[in-house]
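Structures follow.
Presented sequentially are two complexes of subunit A, the first with subunit B as partner and the second with subunit C.
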Partner chain A sequence: MTETLLDIVQQLMNGIMYGAFYALVGIGFTLFFGVMKKFNLAYGSTIMAGIYLGLIPLNLWKQPMWVVFVTCVAGAVVVGFVVEFACFRYLRKGHELAPMMTTIGMLILIEDAVVIATHAAPFEYPNIFGDESFELGPFLIRPDYLAILIAGVVFVVLLYLLVNRTTFGRAMRAVAENPAVSQLLGVSVTRTNTLTFALTSALGGATGYLVAMTFGALQPGIATWMTIKGLVVIVIGGLGSIPGAIFAGLLLGVVEFQALWFLGISYRDIFAFLLLFAFLVLRPSGLMGKAA
Partner chain B sequence: MRNIVVGSVILTWFLMLSPAAVSAFQEEGTLRVGGMWALSGPAAYIGKSSKGLSALAIDEINEAGGVAIQGKRVKLAMSVYDDACKAEEGLTVVRRLADSDKVLFSLGPTCSNVAEPVFGTLQKRLGDATDTGLQFLFFTDTAIKFGLAKISPWAFRNVGNEPAMFELAFKLVKERHPELKTVAVAYESDFAHSVSTWKGATKPALEKYGYQVLDIVEWRFEDVEFGAQVTKLRKANADILVMMTHTFSTCGAVKEFKRQRVKAKLMVGITSSASTETMVGCGQAVEGMIIPTNFATINPKAKAVAEKAWAKYKADSNLHSVPAYENLYAIKGIVEKVGIKNEPATLLQDRRKVRDALATLGTFQGVIGPIKMNGDNDPVKPRDVDKAIILVQAKNAQWTVWWQPPEMEKK
Partner chain C sequence: MDYYVAVLSIIGMHILLGLSVYVVAITGQLSFGQQGFYAIGAYLAGIGTALWGIHLLPAVLLGMTAAGVMGFLVGFPALRVKGLYLGVATFGFGEIVRLVFLNVRYTKTIGGKLVGPNGAEGFRHVSYIYDRGFTQAQYLAVIYTAVIIVAGFVYFLERSKLGARFRAVEEDEVAAAMAGINVTAVKVFAFTLGGFVAGLGGALFVHYSTYIDHQMVTLPLAVSSVIYPMLGGLGSFWGAILGAALLIFLTEGLRFLQEFRLVVYGALIILTMLFRPRGIIDEAMVLRVRAFLRRQVAPSA
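For the complex of A and B:
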């Protein structure tokens, strides 16, 4: 009994730490939707492109990992601008589903570009936290997973301050509430949207760096994987809700790890999607979304 | 005038695509052969090695004057495609090789999950006009899942016999380490080769030699998170860890072994992992791992091939890639013996002649020793080969010979 309880707690801890990553990806998707009321399905590929770009200074010039981190963030921001320019800026108003199609196209385009450039061969991503776990009582904790959890908390606090305590944050909230009125009040909707792209892409680049490091190897398929996880998180959390994305990410991580532990690998994804269907049927507004 | 220009362009385009434009097989002095491998994705390291070894064989054959056909020396020309280890890609590529490129035969594919549907498109009943399957010859070097060549009489393979390989492996482990009695197993539940090797080769061998299986865990071919499964392996505390997983996930898992302080007395790996890729990717974490294989640099010929393939193509010589080299030499010998015409009009007859000769080939020379091709009527492994098994062990970041057949040792 004690042994089973220890297993449950160990997997709960792993699930929460891993779920922090899901939450961060979900926050990115949520910010897009919250401010622009549109889905950016190319967000996963933006993150993926950023972390691949981060490998350039490492592999070509043997630069330290902080340079890799900065390149990941900068790379994701640049790719984010490309996505905003190509998939959103010139689309006519009133065609709300059009960005879904353009960003799906961009997701495939970026993923295939990376496949062509790298032959989709796995690239090693050095882990600055090493290959050792540390013991916490009867539990083993991976330092890189813990780093994701801590980074998640830091990013969320910074995001909260940015959204609630800065002029840009006020503009974001205004555009999210009513773009037309915001424009009349002197807020540039285009500028706000572009900066939102920069912000979410930077968050994605930073998250992607941590994830690639914990994975130890990087493949283009990571883009589709992050897109699926991100969409599951925002549906469970509630469209446009940042606290919802946080709780949904953690919940998804915990459910996946418990299913994996007790039932095996085949049930990990089954339970994740059962959770999604359960929310779609029983609570379509998600954990913290506004009811329609 | 405009219509004349447009008409001329269409006519030229049509002529370029018509059979007449590709009718220069024997005339142009080439014998067309094909290769389809996983050249992208996580299995690319396997496919690229096969491509490199086949390129080496073609270079050698062409430099030595080519292939003698109808009293003329023709050069081998190879069409290579990437199937990315995906069935849908493989199904497109096989049509292109057979119908557009009109190659005599093809090497590959790399992955069993590609070979299975691709072989399914081939003719099932030889000479039956009602069977509209492709009359196209495969001489596979890599796809190793047991029994794949039974799918079609056009499918031949020079691949390892995994049930025999793991039977031998555990027999020898039992002899050399009688104190090891328990095992824990990991395999990739979404990868045909991994599943079939575990269920069809390793499990029967473990049962035969009385090993107690304490736990079996699964992950996926492209997984990157192994925490829960490795915890189970740690708790099983088995004497032997049997890793029926491929390089990408194996390297991820053995890193997790280190994190969770998992230390088995012995590790046994899947055949495909006996590669340089595993050494580079996993490093010290696979030290001591034992793997049954069909290739090691145990004689001067093997050493020379491995060195040349690496120097010229950065291609790793292993049990999957070396057969590509061997198969091209075998086909060269057959083509020169059966007297094909090497013309577009006779392509189907040529393929059939080579197929029939391959089915009755018997023994041919491989890099480390003779290889016996089983005929169509072999009750267990039709159109598959029997060849020497070697066991290698990871030692000081190199695959060293742990056991080889006594007759090879003497040589």
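For the complex of A and C:
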């Protein structure tokens, strides 16, 4: 009995730490939707391309890991601008599904471009925290998972300050509320949108760096995986809600880890999607979303 | 020759997938879960011929019906959500179906071979058509008979009052409801129909390839089945047919580009959406073609 209880708590801790990553990806999607009112399904591949670019200074010039981190962030921002230029800037207005399709096209394009560039071989991603778990009472804690949780808290605090305490943050909230009126009041909608792209991409690059590290190896399929997780999180949390994305991310992490431990790997994903279905049926606007 | 027969067979089955997305899309619902119905159709029809030894036709009907019933059931929760939510929800449904088939084991030893859905191993030896001496070309005729029947059905659907109701629901749900259209019935019916058509595609596919496993019904299949009608055009069912034919010919024809094929594929989707957000055969083009045909029929008028 106590064994089971210990397992439950252990998996709860793992789930929360790992859920922080889901929450961060969800925040990226949800911020983007909040400001632009459009979906960027190429977000996962933006992150993936960024962390692949981060490998260049490591593998070619043997640079230290902080350079890799900076390259990941910068790379994701550059790819984010490419996505914005190709998929959003020249798109005609009034077609709700068109940005979904262009970004799906971009998802396919970027993934294949990376496959070509790397000859589809997985790359090793060095884990700066090592793979030694440390003990905390009866529980084992993986340092890289803990790093995700700490980074998650730091990023969320920074994001909170950025959104609520800076001019750019105020512009972002204004555009999210009403783009036409913001424009009239002197807020450049184009500039705000571009900066939002840069912000979400940078957040993605930083998150992706940590995730690639916990995986230990990097392959292009990570883009699709992150896209699916991010979408599940924003649907559960409610579109455009940052607190919703945080709670939904943690919830998804906890459910997945419990299901993984007690039922096995193929049931983990079934439970993730059943959770999604339960929310869609019982609470379609999500945890924190406005009523539809 | 065999190569072209194979390409045409695949196009035929993907046309069915594209049409199944199309009939749902013209009620304003974009489904990323048609591969789930495709899988249900494939597994059940395969079980029918390979394990129970029944004739191809009832087996295909069984697969179709099961997928249609599932479509009916999915239609109800799908009513509550729209846009991306619906996309994610339907994709979630497709994944649940895939993961269920990943865990299902139901096998028999027939003629020294282990036949039946066998978890991650997939469903092997659905050799009905080859055991009975069908050639690939004959089976191609079977596939296209199905395609013509379904396309004919959709053609008449589009010209019927029901088709007008489908379009009205897409255009404006509230206005449609106020005009006395039962929005719930229309949407659920569209999903049921989509389930039937995708199930038919899957049932034909499993007999063509003799094999299916859970990895064949993942996100790439969901994405391509949505891309066919979106790229081909939402103005008419010809859009889904054009989209499937064009994209498969392209991926086959561009073999000389080798690994760059998917880059071209992605770029093509982006460019089409930039210039024609409703696809190649959009509503404006349908109207122009109809006007043109009318002039041809009555030149003096």
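Everything below uses one rule, namely that the second predicted complex is superposed on the first by the 292 of 292 C-alpha atoms of A that agree within 3 Å, B and C clash if a C-alpha of one lies under 4 Å from a C-alpha of the other, contacts with A are read in each partner's own complex, and residues count from 1 in each chain.
Basically, a contact is a pair of C-beta atoms (placed from the backbone, for glycine too) under 8 Å apart; a residue touches a chain by one contact, two chains touch by 3 or more.
Keep in mind the model is a prediction, meaning the values are calculated, not measured.
Residue contacts after overlaying the shared chain place A:M100 against subunit C, while subunit B stays out of touching range. Of the two partner chains, subunit C is the only one touched by A:L274; subunit B is not. Using the contact criterion defined above for the overlaid structures, shared-chain residue A:F257 touches subunit B, although it does not reach subunit C. By the touch criterion defined above, A:G216 reaches subunit B but does not reach subunit C. Residue contacts after overlaying the shared chain place A:V115 against subunit B and subunit C alike.
When the shared chain is aligned, subunit B comes close enough to touch A:R142, but subunit C does not.
Of the two partner chains placed by superposition, only subunit C is touched by A:V235; subunit B is not.
Taking subunit A as the reference chain, the count of touched residues is higher for C when subunit B and subunit C are set side by side. Of the two partner chains placed by the overlay, subunit B and subunit C both lie in contact with A:S266.
Judged by the touch definition given at the top, the superposed model places A:P284 against subunit C, while subunit B stays out of reach. Looking at subunit A, you'll find residues 115, 266 touch subunit B in one structure and subunit C in the other.
Looking at the complex, you find that subunit B touches subunit A at residues 39-42, 44-45, 84, 189, 217-220, 222-225, 227-229, 231, 248, 251-252, 255, 258-260, 281.
Against subunit C, the residues of subunit A that register as touching in their complex are 39, 86-87, 90-92, 95-98, 100-102, 104-113, 115-116, 224, 228, 231-232, 235, 239, 266-267, 269-270, 273-274, 276-277, 280-281, 284. Residues 30, 77, 80-81, 83-85, 87-89, 91-93, 95-96, 99-100, 102-103, 219, 223, 226-227, 230-231, 259-263, 265-270, 273-274, 277-278 of subunit C are the ones touching subunit A in the complex. On the side of subunit A, the complex with subunit B involves touching residues 7, 10-11, 14, 18, 115, 119-122, 124, 131-133, 140, 142, 214-217, 219, 221, 257, 260-261, 264-266.
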